[in-house]
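Both of the next two complexes hold subunit A, though its partner changes from subunit B to subunit C.
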Partner chain A sequence: MVEIEIDGQLVNAEPGEMLIAVTDREGITVPRFCYHKKLSISASCRMCLVDVEGAPKPQPACSTPIADGMKIHTQNERAKASQKAVMEFLLINHPLDCPICDQGGECELQDVAVEYGSDVSRFSEGKRLVAPSDIGPLIQTDMTRCIHCTRCVRFGSEIAGIMEMGGTGRGEDLKIEPFLAEGITSELSGNMIDVCPVGALTSKPFRYELRSWQMNAVESIARHDLTGSNLYAQTYKGKVKRVVSGDNDNINETWISDRDRFSYEGLAHEDRLLYPQIKVEGQWKEVEWSVALDYAVKGLKNNILNSRNAQKLGGLASATATTEELYLMQKMLRELGCENLDYRLNVKNLDKTIHLPSNIKLAKLEQVDYALVVGANLRLEQPMINHRLCKAQLAGAVMNALSVKEFDFNYPVGNTIVSPNQIASTLAGVLKHVLEAKNQEIPEYLSTLTPSSEATDLANALLNSEQAVIILGEHVLNNTQANSIANLITEIAKHSNSKTLNVSATANALGAQRVSFTPNSTGMNVNDMLNAEMSAFLLLDVIPEYDFHHVDSALAALSKEDVFVVSLNSFGNELVSQYADVILPMAAMYETSGTHINIDHKLQSFSAAVSAPGEAKPAWKILKVLADLLELPGFHYESSAQVLSEVAHQSEVDHEYDSSINLDEATPAIETIWMHSPYQTDELLRHASSLQASKIGQMNAASMSQATADVLSLKSGDRYLGVPVDITDTTADQCVFVSSNQATNMGGLS
Partner chain B sequence: MIDGIKKLAKNLTLSELRSGMKITAKEFVNTKITVQYPEEKTPISPRFRGLHALRRYPNGEERCIACKLCEAVCPANAITIESEMRDDGTRRTTQYDIDLFKCIFCGFCEEACPVDAIVETQIFDYAFESRDGSIMTKERLLKVGDDNEQVISKTKAQDAKYR
Partner chain C sequence: MISNKAKKQIDAWVAKYPEGRQSSAVMEALKIVQAENNNQLTHDNIQAVADYLDMPGIAAAEVATFYENYNHQPMGKHVIRFCHNISCMLNGADDLIAHLETKLGVKTGEVSKDGLVSVKKVECLGACVGAPMFQIGDQYYENLTIEKIDEIVDGLK
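Now for the complex of A and B:
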């Protein structure tokens, strides 16, 4: 700590830290454009010039390190004069089109110009004009307004990991533009809108709609992935009009993914369910809430409760639901004496599920020196987790991926591409090598195994690191050896002192686990339910063609004549209308209060930013009233916070897990891994039109190797399960990796 | 007693009547200042703040670019604007309402407008026949502008040198 003097005020600061960081901390205003606390320093705008005593010229505060006894003036004549001069210089080429600029009202240049600018321009020559470039459906560019602060460029290379924008030309011809005609493809691109100090990069879906001062900002939590990014939903007249990022250094720093930023567009989609509906003699009828709820209660009573056979009732929920909704639903079902409930709809085999605790915090991820990513396209599936790894990599960490396909990470990754049935044996090889290196006893199941050279390499990298993390992703969820893979990772982590991170179940899956939204030993899991003789189902936000792994059997089970189905949905869906008997319209994201549990096991509650459209109601209220009408005790909640406090008082149930490792299981000749495009993972995203129009939203390919294509007798351009075939040598043999923006092709998957 | 005689003399000579008639005679030949409203109207300052109008450019394009500065500056919150990107990519209003019951005719909207789109005309004699008549919609405002463009541009020109 050294003492410096700023504007006559004595301030303590760390030697070497930048002056602007100190003035920001002390609340002293220094104007700036190119400086951003989370980006590197470029000192290119010169707006933050201050007068440092003893220096021959004014110094930029953003790149002047603190030294003992410094005396700084931010407001004296010299500082003011240089700031004024820089402002005049910046305004030479900046168009005065604030009235039609979307940044107007929240523009850093506008604000600073009011304070430092002159009211008359001395520049009478023509202004620079830059031809517009289309960089995709999310970001609107108007590069004539650019002041070359290069925040977006630095964001691209340092945070998004790919430098898609850059400066070309020199002097007055310097243009900030994307290098490729296809525009910006980063999954974090929306943050460029936030970092741009002027109106050069603005939100395209929001274009020309509102001024910043017209909206209310409501703090909320993103619920599309395991991060639970903090954000603000900006609302106007009861509608969410824009989403901007919030600050939380432990979770999302100051960035949010495009998925979190633009998903709000789905809220206004015409498919929204506005009124309760009941099916009378095969015809759908919009009715009052009381009628629909009575109909639902009567149906449930007739089908199961009157015959005292609650075992024939099943409850299925999507993991996108809030913790409160899941808690109320399981409480209701259990009060009815029914133990059939599940949220793991997309898991093929629930007898052997993945159990792998995450024991590293998000913020610590950027400190690892080695990461092994098993079966995950982390960049698109968990963008903010990947961002932390990207930071770790920039700091020198080594990254490896063990996967069935080479994915496009935004940092260098050593890929080990193996067939789905080889993942377990490769990990077993890693474990064996680790055990050998540590002179530990080799368990029986590893005795005959000879580690492959790839496995030894992975093991050596792991052994050479001090802080390693092994990440298990979604692609192994339906691997026949899924539980062995998870258990092998647990063993490897134990013996190599590594941390583990389980990203195989996303959204609020941890919330569902917290409230035990899984059957105990007496109940049936989802796959058992679909094959059993059921009489009634209660579905929470379930969309069959996307959510179920066994779509066909799900549709068959739900569509049976004598099965009564009550479905809570926020969007209309044809298949739901086919099998449901009552559809209750529920509030979507931003319209309900609740809690999301993120990968750090942090409970983050949010309130409703807007009310739901039409007659739609928050699901926790619907479930509460339904339980009241079923005359169940203990459902007199007045708010979702009351539900949460009850959840907090419940102790977490420890389930027993199968920790066996079996490497000899039979595996199918060709395994299909079906992943929905990252912008198709929940109902709101599927209705967000700009996201769907983006490069990532358009992803639709069944990748396979030439050998696999030969076995299936397919050519490039053919369709496999309705998805265009892409023959590539970056996919392992015996495997088709589908990344699709369509619903699961029914009948194609077994 | 003396007062009584004076009063009597005044009455008998009709002096008050004569001084009154003198004024009548003088005004009879003086210039008339009574204006025969509504056939005649008093002259109005070019800065008069009457009924609002939205103007167009000579090529017929509406001036308003939906910057919403008038909405922001309006002290009575009388202006409501909704905007969008028109098909040709320009920024335009889809709704531009002024509630004349709320409006206090301060002229701030006119001051704030960067493109001289919203103006206050010299029209002050208007009436509503229904309650919602007080809402001047975009169509009505443009109509007022179209009908009075000549006067508006003349008064703007007259006032321009003082701005």
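Now for the complex of A and C:
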């Protein structure tokens, strides 16, 4: 610590830290454009010039390191004159089209111009004009407004991990633009809108919608992935009009993924369900809530309760649901005497589920020196977790991926590409090598195994690291050896002193686990229910063609003549209309209060930013009233917070799990791994049109090796399960990896 | 996209820099690729250089558009890079450029009809002592006069 003087005030600071960080901490205003606390220093805009005693010229506060005894003036004549002069230069080419600029009212240039600008411009020459470029459906460019601060350029190379924007030309011809004709492709691209201090980069879906000061900002939590990014929903007259990022250094720092930023568009989609509906003699009728609820209760009573047949009732929920909704639904089902409930609709074999704890915090992920990512396209599936790893990599960490397909990471990754049936054996090889290196006993199941050279390399990388993490992803979920893979990772982590991170189930899956939204040994899981003789189902936000792994048997089970189905949904869906008897319109994201549990096991509650359209109601209220009408005790909740406090008082149930490792299971000749595009993972996203139009939203390819294509008699240009075939040597043999924006092909997956 | 010969030349430059800093050779690499592509760098050329040096396309484009010795339009076989900076200007560069334009029937930046020559105005080439001057290929021509220019240009093949 050294002592310096700023504007006559004594301040303590660390030697070497930048002056602007100190003034920000002390609440002293220094204007700036190019400086951003999360980006590298460029010192290109010169707006933060201050007077440092002894220095011959004014110094930029953003790149002036603190030294003992420094005397700084931020407000004296010299500082003010420099700042004013810089402002005048910056405004020379700025169009000053503030009245039609979406940044108006939240523009750093505008704000600083108020303080430091002159009322009359001395510049009477022609201004520069920069032709706009189309950089995709998410970001609108008006580059004439650009002041070349290069925040977006630095964001690309330092945060997004791919440098997409750059400054081309020089002098007056300098412009900020992407090189590629396809525009910006980063999954974090929307943050460029937030970092842009002027109106050069603005939100395309929000263009000309409203003035920024007309909206209210409501704090909320993103629910599309395991991060639970903090953000603000900006609302106007009961509608979410825009989403911007919030700050939380332990979770999302100051960034949010495009998925979190633009999903709100789906809220206004025409497919929204506005009124309760009941099916009478095969015809759908919009009715009052009381009628619909009575109809639901009567149906449940007739089919289940009157005959004391609660074990013929099934409850299925989407993992996107809030913790409160899941808690109420399981409480209701269990009060009815029903133990058939599940949220793991996309899991093929629930006898072999993944059990792997996550024991490293998000903020610590950027400190690892080695990461092994098993079966995940992390960048698209968990963008903010990937961002932490990207930071770790930039700091020198080594990254490996063990997968069936090479993915486009935004940092260098050593790929080990193996067939689905070799993932377990490769990990077993890693374990054996680790055990040998640590002089540990080799268990029976590893005795005959000879580790492959790839496995030995992975093991050595783990052994050479001090803080390693092994990450298990979604692609392993339906691997025949899923549980063995997870258990092998647990063993490897134990013996190599590594941390583990389980990203195999996303959204609020941890919330579902917290409230035990899975059957105990007496109940049926989802796949059992689909094969059993059921009489009724209660469905929460379930969309069959996307949510179920076994789409066909799900449709068959739900469509049976004598099965009564009550379905809570936010959006209309043709298949739901075919099998449901009552459809209750529920509030979507931003329209309900609730709690999301993120990968750090942090409970983050949010309030409703807007109310749901039409007659739609928050699902927790629907479930509560349904329970009341079913005359169940203990549902006297007045708010979702009350529900949450009940959840908090319940101890977490430790589920027993199978820790066995079996390497000899028969595996299918060709395994199909079907991954929905990251913008198809829940109903709100599926209806967010700009995201769907983006490059990531358009992804649709069934990747396979030439050998696999030969076995399946497919060639380039063909379709596999309706998805265009992509023959590539970056996909392992014996598998097809489908990345698709289409619904799961019915009848295709076994 | 990049010939094996050019790759060899680029590799020689890459070898001058520490390992992992291959992108430092971008300027020379662009020059080499431009030379074998009729004095022009297309979007694809720039991307090819970027790929070869394992750097983002836009980072190579930033360099390629910053410096005047990279051409983004079709160029003649010989590019006359005429200095019009202060020393040359004071010594009559503008008149000489006008003469050259009339003689070749082109404006600066264009290619002569036979595809042989194009003229480009550039900033100071550091040869003020011999102003006015221009550069063709790696060769400087100094103390230019109309007669001298005619002789040089007529000798171009």
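What we mean here is this: the second predicted complex is superposed on the first by the 750 of 750 C-alpha atoms of A that agree within 3 Å, B and C clash if a C-alpha of one lies under 4 Å from a C-alpha of the other, contacts with A are read in each partner's own complex, and residues count from 1 in each chain.
One rule holds for everything that comes next: a residue touches a chain if its C-beta (ideal position, glycine included) is under 8 Å from a C-beta of that chain, and two chains touch if they have at least 3 such contacts.
Just so we're clear, the structure is a prediction, and the values are computed from it rather than from any experiment.
Trainee: Once both complexes are superposed via subunit A, do subunit B and subunit C end up clashing or fitting?
Mentor: On the superposed model, which is not a single observed complex, subunit B and subunit C fit side by side.
Trainee: A:Tyr208 contacts which: subunit B (first), subunit C (second), both, neither?
Mentor: First partner only.
Trainee: Go through the superposed model and pick first if A:Gly104 touches only subunit B, second if only subunit C, both, or neither.
Mentor: The first partner, subunit B, only.
Trainee: Rounding in steps of 10 degrees, give the angle subunit B-subunit A-subunit C taken between C-alpha centres.
Mentor: 80
Trainee: Kindly classify A:Leu129 by the partners it touches after superposition: subunit B alone (first), subunit C alone (second), both, or neither?
Mentor: A:Leu129: touches no partner chain.
Trainee: So if I take every C-alpha atom in subunit B and every one in subunit C after superposing, what is the smallest distance between them in Å?
Mentor: 28
Trainee: So in the complex, which bits of subunit A are touching subunit B?
Mentor: On the subunit A side, the touching residues are 98-100, 104, 207-211, 213-214.
Trainee: Which residues of subunit C touch subunit A in the complex?
Mentor: Within the complex, subunit C contacts subunit A at residues 43, 46-47, 56-59, 61-62, 65-66.
Trainee: Can you check the complex and tell me which residues of subunit A touch subunit C?
Mentor: 157, 162-170, 178-180
Trainee: What part of subunit B is in contact with subunit A in the complex they form?
Mentor: 65-69, 72, 83-85, 90-92, 114-115
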